[in-house]
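Below, subunit A partners subunit B and then partners subunit C, in two separate complexes.
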Partner chain A sequence: MSLLYAAVRRRGPGALAWHLGALVILAVVLYPVVWTLGASFKPSAEIIGALDLFPADPIGDNYTRLTEGIADIPISTFFLNSAYIAVGSVVGVVLSCSLTAYAFAKVRFAGRNVMFAIMIGTLLLPYHVLIIPQYVLFQELELINTFTPLLIGKYLATDAFFVFLMVQFMRGLPKELDEAARLDGCGHLRTYWSIVMPLCRPALVTSAIFTFINAWNDFMGPLLYLNEPDKYTVSLGLKMFIDQDAVADYGGMIAMSLVALLPVLAFFVAFQRYLIDGMATSGLKG
Partner chain B sequence: MSQNNGMDRRQLLRLAGLSAAGLGLTAAGCGSGGSGSGGPVTIRHSWWGADDRAKKIQQCVGLFEKKHPKIKVKTDFQQYPDFWKKFNTQAAGGNPPDVIQNAVTFLRKYEAKNVLLDLSPQVEKGNLDLGGFRSGLEKFAEIDGKLLGVPVGSNSMALVIDEKVYEKAGITPEIGWTWDDWLAGLQKIKSGQKIAGDAGPHGVMYLYDLILRQNGKAFFSEDGMGFGEAELLPYWTEALERVKSGLYADPGKVEQIKPASATAKGLSAGEFTWDNFSVRYSAEGRSSYGLAPIPSTDGKKTGQYLGSLMLSGTARTKHPAEVATFISFMTHDPEVARIMGYDRGVPATTAQFEAYQPADAPSKAIGAYETAIADAGVLEPITPHPAGADVIEAAFLRIGADLALGKTSPKDSVKQFFSEAKTALASN
Partner chain C sequence: MTHIHTSPGELDAGDGRSVAKRNGPGGNAPPAAPERRNRRENVAGYLFMSPWIAGFLFLIAGPMVFSLYLSFTEYNLFEAPRWIGLQNFTDMFADPRWRQSVEVTSWYVLIGTPIKLAAALAVAMLLAQKRWGQSFYRAAFYAPSLIGASVSAAIVWRALFSDDAIVDRTQKVFGVEVGGWIGDPSMIIYALIALTVWQFGAPMVIFLAGLKQVPRELYEAAEVDGAGPWRRFFHITLPMISPVLFFNVLLETIHSFQIFGSAYIVSNGSCGPADATLVYTCYLYEQGFVNSRMGFASAMGWLLLVAVGLVTAVLFWSQKRWVHYEEGGR
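On to the complex of A and B.
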């Protein structure tokens, strides 16, 4: 809005063109979303092959169909499973990565730099190299078909990127604050919890948002580790509508994709406020 | 670092305990019950499919558990590509499901890796009944004396046609028609109704296999390719000409409307595919669709065989007897046939075939088609594909499509196909 206001005030032809261009790009970017929205009100046969953006006579069948569940499993089961994994991951990442980051950023100990370098090195490992060894490991531990393989890593700070992000953020915090805390008698844990954590809010919120989205959308992990459809997550449930051997239910799939977007959207909207909030206060910390 | 060190450690330990407790919480409620001896045995069954098949299979499993109270069956399913991704990981990790849905393309591949269970001892013990299979399906998945699977349903290649277009053109395909008859039909349709006669068969491996068989060859030999550049180059050159002249549908449009079928969307009057896929056409398209027989070279031999989905056990299973009992039940019980219908193809045993009378027109047509080709005596035994066949099938389809789109010349396409096929055969 403020951009539009500025354009009106300046009334420069360049500014006008710039905004028109931006609107055109916006239309292109939003087109798939609008198409999906329109398609969710079409009958399945019309979704593929027909070019209209919106159906001639919209139907709600795709959404009412969702209440029947998939393969005799209520849709809510998939959502609860996904929510459990996503929220569990967020809690794990926020706690474990920040604690690890505190150690790397604020505590001096032998081998710190080497260990930090090794941790960063894990970022370079492609996921596909780890699939089979990890599967064998969890198989030996008899943890297949539980949520543990999907969550345990998050509680052990294996997300090196988030650790790195937080380390960088913590290094930016003034040393004087830690020193003041120490003079007041704080140990490391107290400094971590009462001084560093509140100041790190933007980094924590960023990590939380990305973790939530990644966990919610993760497909490979749940595909490999969950063996019973009633433990499946939304991303697996979405694929139950279609197979090469069957008459595909595109309508149901698209309706469910839209419903599946809502929690991610809600999470983002709820937390981005804190993100901006955190930025503002961190700017003042001086 | 400071005097506070001791306290720090204690606090840290407490925190560590806290997060460990959190983990314990996540693990709780997900413990899997181990199967003790004597009590009920649990076997796992995975297949590819969607919602609809899942409901049917679940019903069959319920029936099975009622008749065999000592065996429990846990089921799991994904779509086709995801199913194989998961199965490969599970097999490599030493934890494959006990019973899987399988196809002939994968037999040699997994046999070479010792993944599949040899079911023949179970036949001798009487846990698996091999009697009563329809002709063309006996000893379906026997490789080097090992029984690696049992067919649950059959399908065969067919020409799905838009009946209205064919009727208007006055063409009635019959068993015994030849490729020349077929081509004359395409030209008639093209000149009379301005529709391409076929969606473009040049990428369909299973059709080309039939053409080769009609001429005394085959797509695959036991361990490699059964044909060479000398056969494929004229076939693809001719295909490209027919695309250009409009006898085959515009490949650009065919790609665009995927995953819908070109014939269902009115781009062509017909296309070659598996007969059981024809159920989809009436759901996707507006015309009425029928099954026409595969044209032949000499008016007799079509080279056809029955393909099939099958059930296979996996070699690591701890319960081979129960696996065999389950497979036997799924292939012979008439009630299973009434639940499954033609979902996995036409039921493989005569008992099941007779138990289910389809009510809908497409399924009736499939049943009639398979009876007709069996009566005509054109069916031959299937040759199990060499390991790597699945990769080669995908390459044939992709390179065939690129050729039609004009991205590569026939000569380069043929070269590329054989080089990819060679790699696939060597690495599998």
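On to the complex of A and C.
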């Protein structure tokens, strides 16, 4: 508060209004997160009705309850499954999307413009139209209840948004670099791996983090393709909580909801600049 | 050495242009060299593109065609598809629950997207003023966009909008006695809309980047001419950020058509009460995977593709009237 006061004194009354406005919005935006934190230390019966954000006597029961797992499956199983899918997705997206983006940005091949237009088209494609036929395909291949349907697309550059982001970034690299590499006898593969990839780090990091978060949060994919609880991701584990005993164990559900968000929040705190700058440029250059 | 100009004729050769420039030791590069170079470029291009091409053929284009075929059949995954012509589509139009899903989704898109974008723009304009703490606020406001689509957020939303919880108590202070929104078929959709508006941070960040590029001199000149804040907003800010606005409208609209997880969890897997949160994808999921009507669900998917395609086309067509791209273009 004293910092705020100092800022106001320096900048005048306009600054006061600005900070008041920003703080009000901040309170509304953060309320659900702070509420969840407080609720996770309340007894189940008090979670809905009690208005105070934090309980007078915080209890850890909701968290110790989580160590018992959900329906006899330890919650670490869900976390490991989610982590496996999320990390696998990141590797796939970074490799396949950067290869595709390199071709669009740096190789002059016949049909490039047509394929680029198609790629942009898929960016706008609603996935509804793919849900059923992809399911039938994976069912024919006997891949239901495996992680493959959730991962394969990441290795085949179907995330057009990241291809687009990387193309924009690669086009912004100085042309002299890859021309010099070519004169030195570098083929495309070497130019891609030793010159373009290191320079693209910001775009790669942005794509990697978004991929991780999207895969971690994904609900529909696992709901469609995973049907044994020991293969469930965190999202499906949470859904099991709801199906099982929503009323009886509200506290456990809220605690698990918060724990489920921790990896996402950690990534956000560590990399927020990459995420926000990545988002910002995607809109500008579009 | 590398930038010797060739004859104009060769320059017109499109993709070969820079190649000819680089290879030509004078104006008379032997034609074989650029050709070999082109072939090498083609081979490299298609090798690099091969994951995407495979993905496009097997996971996007192929399935789309297959789904189009399925939409004219009755198919339950176990028996072979049976051709029934347009039956799925006529069934759909006669189905009150399908009409309900169209209504719910349209309502969600038409109310939620404008409010979300208006909030995003308003907050972006506030944050565009350089002040102490600006980047902290920007990060904090952006955070809900990352967690808003998760099951956790939907669970919390369900709690916050229940009977007797914070929203209910707050509205009672103002004398509104409608109870929690979650159990009320006429209100629950607004809980979902609130959840999407809560995620205004993503478009906000894009607006903010656009606002930063508006030259300050324009505002100063307008102020000298006596233009008030509203005129400055409508005559400078809006036109100058219209490309960014267009981008946000397009992406947010298409995105919100596809809502599923939030509706599913907020309604506790029921898409209710009384089908009040039966968004299009929920109904498609129910028909395809609960009732095993894969043909009907495919038809639903294709119809939505057409609808989204039309909306996109209208947006692109309309941009000529209201989107101003800078000269020298992007």
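Definition applied: the second predicted complex is superposed on the first by the 252 of 286 C-alpha atoms of A that agree within 3 Å, B and C clash if a C-alpha of one lies under 4 Å from a C-alpha of the other, contacts with A are read in each partner's own complex, and residues count from 1 in each chain.
In this text, a contact is a pair of C-beta atoms (placed from the backbone, for glycine too) under 8 Å apart; a residue touches a chain by one contact, two chains touch by 3 or more.
Remember, it's a predicted structure, so these values are computed and weren't measured experimentally.
When both complexes are superposed on subunit A, subunit B and subunit C occupy overlapping space and clash. In the superposition on chain A, A:I254 makes contact with subunit C only, not with subunit B.
In the superposed model, A:A45 makes contact with subunit B only, not with subunit C. Taking subunit B and subunit C in turn and counting the residues of subunit A each one touches, the greater count comes from C. After overlaying the two complexes on the shared chain, residue contacts for A:V136 are found with subunit B and with subunit C alike. In the superposition on chain A, contact of A:N227 is made with subunit B only, not with subunit C.
By the touch criterion defined above, A:D72 lies against subunit B but remains apart from subunit C after alignment on the C-alpha atoms of chain A. Touch criterion not met for A:V205: it reaches neither subunit B nor subunit C. Of the two partner chains, subunit C is the only one touched by A:L238; subunit B is not. When the two structures are aligned on the shared chain, A:R112 is found in touch with subunit C, with no touch to subunit B. When both complexes are overlaid on chain A, the residue A:T146 reaches subunit B alone and has no touch with subunit C.
Only one of the stretches 166-174, 256-264, 328-336 or 382-390 belonging to subunit B overlaps subunit C in the superposed arrangement, and that stretch is 256-264.
Shared contact residues of subunit A with subunit B and subunit C: 48-49, 96, 99, 107-108, 131-132, 135-136, 139, 152, 155, 182, 187-188, 224, 239, 242-243, 246. Contact residues on subunit A toward subunit B in their complex (touch as defined above): 44-45, 48-49, 70-72, 88, 91-92, 95-96, 99, 107-108, 131-132, 135-136, 139, 142-148, 151-152, 155, 182, 185, 187-190, 223-224, 227-229, 231, 236, 239-249, 252. Contacts from subunit C toward subunit A in the complex involve residues 2, 15, 18-19, 22, 38, 41-42, 44-46, 48-49, 51-56, 58-60, 62-64, 66-67, 70, 77, 123, 126-127, 129, 131-133, 137-144, 146-147, 149-153, 155-157, 159-160, 162-166, 169, 198, 201-202, 205-206, 208-210, 213, 243-244, 247-248, 250, 254, 257-258, 260-261, 264-265, 268-269, 280-281, 284-285, 288-289, 294, 297-298, 300-302, 304-305, 308, 312, 330. Subunit B meets subunit A in the complex at residues 1-2, 4, 7-8, 11-12, 15, 19, 22-23, 26-27, 30-32, 44, 48-55, 58, 74-80, 82, 85-86, 89-90, 92-95, 97, 257, 259-260, 265, 276-277, 279-280, 283-285, 343-344. In the complex of the two chains, the subunit A residues touching subunit C come out as 7, 11, 15, 18-19, 21-22, 25-26, 29-33, 35-36, 39, 47-49, 51, 96, 99-100, 102-103, 107-110, 112, 115, 118-119, 122, 124-137, 139, 152-153, 155-158, 163, 179, 182-183, 187-188, 192, 213, 216-217, 219-220, 224, 234-235, 238-239, 242-243, 246, 250, 253-254, 257-258, 260-261, 264-265, 268, 272, 275-276, 279-286.
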